[in-house]
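Handing you a structure now.
Letters are used for the chains, namely A, B, C, D and E, taken in the order the chains are written, and counting of residues starts over at 1 for each.
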Amino acid sequence: MYIGKVVGNVVSTKKEAALTGYKLMIVELIQRNTQEKLEEIVAIDLVGAGRGEFVLVVRGSSARMATKKHDAPIDAAIIGIIDTFDE
Amino acid sequence: MYIGKVVGNVVSTKKEAALTGYKLMIVELIQRNTQEKLEEIVAIDLVGAGRGEFVLVVRGSSARMATKKHDAPIDAAIIGIIDTFDE
Amino acid sequence: MYIGKVVGNVVSTKKEAALTGYKLMIVELIQRNTQEKLEEIVAIDLVGAGRGEFVLVVRGSSARMATKKHDAPIDAAIIGIIDTFDE
Amino acid sequence: MYIGKVVGNVVSTKKEAALTGYKLMIVELIQRNTQEKLEEIVAIDLVGAGRGEFVLVVRGSSARMATKKHDAPIDAAIIGIIDTFDE
Amino acid sequence: MYIGKVVGNVVSTKKEAALTGYKLMIVELIQRNTQEKLEEIVAIDLVGAGRGEFVLVVRGSSARMATKKHDAPIDAAIIGIIDTFDE
């Protein structure tokens, strides 16, 4: 999985029906060891994450599994809010 | 998912039959936070996106799921037109 | 999918049986917008592409789907020859 | 698979139920040939790896398979502790 | 698929049972066009490749398919030894 920070969301009226009902969050994937900003992606939110929160993101077909609808056109999902990093 | 901008399309007469009927759009994946141009890919268009529009792109096996034909040889699909970015 | 250019092929006598019968083409994935050479990969050819031709490549599990043998050990396939780019 | 080094773990109380019971380890994927630090990811630990240990990480849908729950929202898992590198 | 060069192997006693019996080879993925060293990964060997040999590597879920055990926690496999490159 990936460590990310929620930085906003996108609004899309004209979209695939299977996306309806999901908040589409803009998440910045981050590298804590180098403080580098990696990719910026869009993930559905399954745990009610807010802007500025550090989150756990799953990608690829495993993101579909998180939605319990295995044929959803989804390749990224927020599946946890990170409380602490123990390093 | 990914944020992209439609920049054109490709025409391919000699292709796999399963691609017939789909517009093959050239999409520039973009990083809003760094204004960097990432990869340029080709995605089928499922929502009637036009050139210059910002779109939501799903990749990998989840793109196949968007076509409802789970064995389509497709790894990228436009599944939404972005109205606004709330950041 | 990806835009690529066929630059050659590899010959492999000692290989998985499921690859037998397929031409193994070396394809340079390219970024038209930056003229950058991306990854160089090996893809099976499903449409009779020749050296120097611009092709459409599908990757990951969707490449398996293109072969109609869903358990083939294949992660990249040429599925179209590009006639024109409309940008 | 990937060579990684365990550098810590994350704690997430508010998360998908399917993650409950797994330790969420922060793993630095490393390139031994260039001593470069690649991506930093979060992987579930299936073999009891400790901080500072070199581990074998599987990613994507294959990571789900490692959990024996094929619909787990997991895309990275530690599946081995590396004793030695023979190069 | 990818072009790689076998540079060694890893030994892991404490690992997932499904990996038992496979040699875990360290493979350097290479870009012939730019002579660049790409990622260094670990792949199971299905064709008896030796150190220094150029090999064909399949990745992702397709690597699982190569093992005929579709739920193996494997995301990279050596599926061919390259005799020649015709470029």
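The rule we apply is simple: a contact is a pair of C-beta atoms (placed from the backbone, for glycine too) under 8 Å apart; a residue touches a chain by one contact, two chains touch by 3 or more.
Since the structure is predicted, the reported quantities are computational estimates derived from the model, not experimental observations.
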Touching both subunit C and subunit D we find E
Whole-Å distance, C-alpha centre of subunit A to that of subunit C, is 31
Dist(centroid_CA(subunit A), centroid_CA(subunit D)) in Å evaluates to 19
Residues of subunit B that touch at least two other chains are 60-61, 63
Check: ring from subunit B, direction subunit C, yields B, C, E, D, A
Residue set of subunit B touching subunit A in the complex reads 1-3, 31-34, 38, 46-48, 56, 58-63, 65-66, 68, 70, 77, 79-87
The answer for subunit E against subunit D in the complex is residues 7-16, 18-19, 24, 26, 28, 37, 39-43, 60-61, 63-64, 71-76
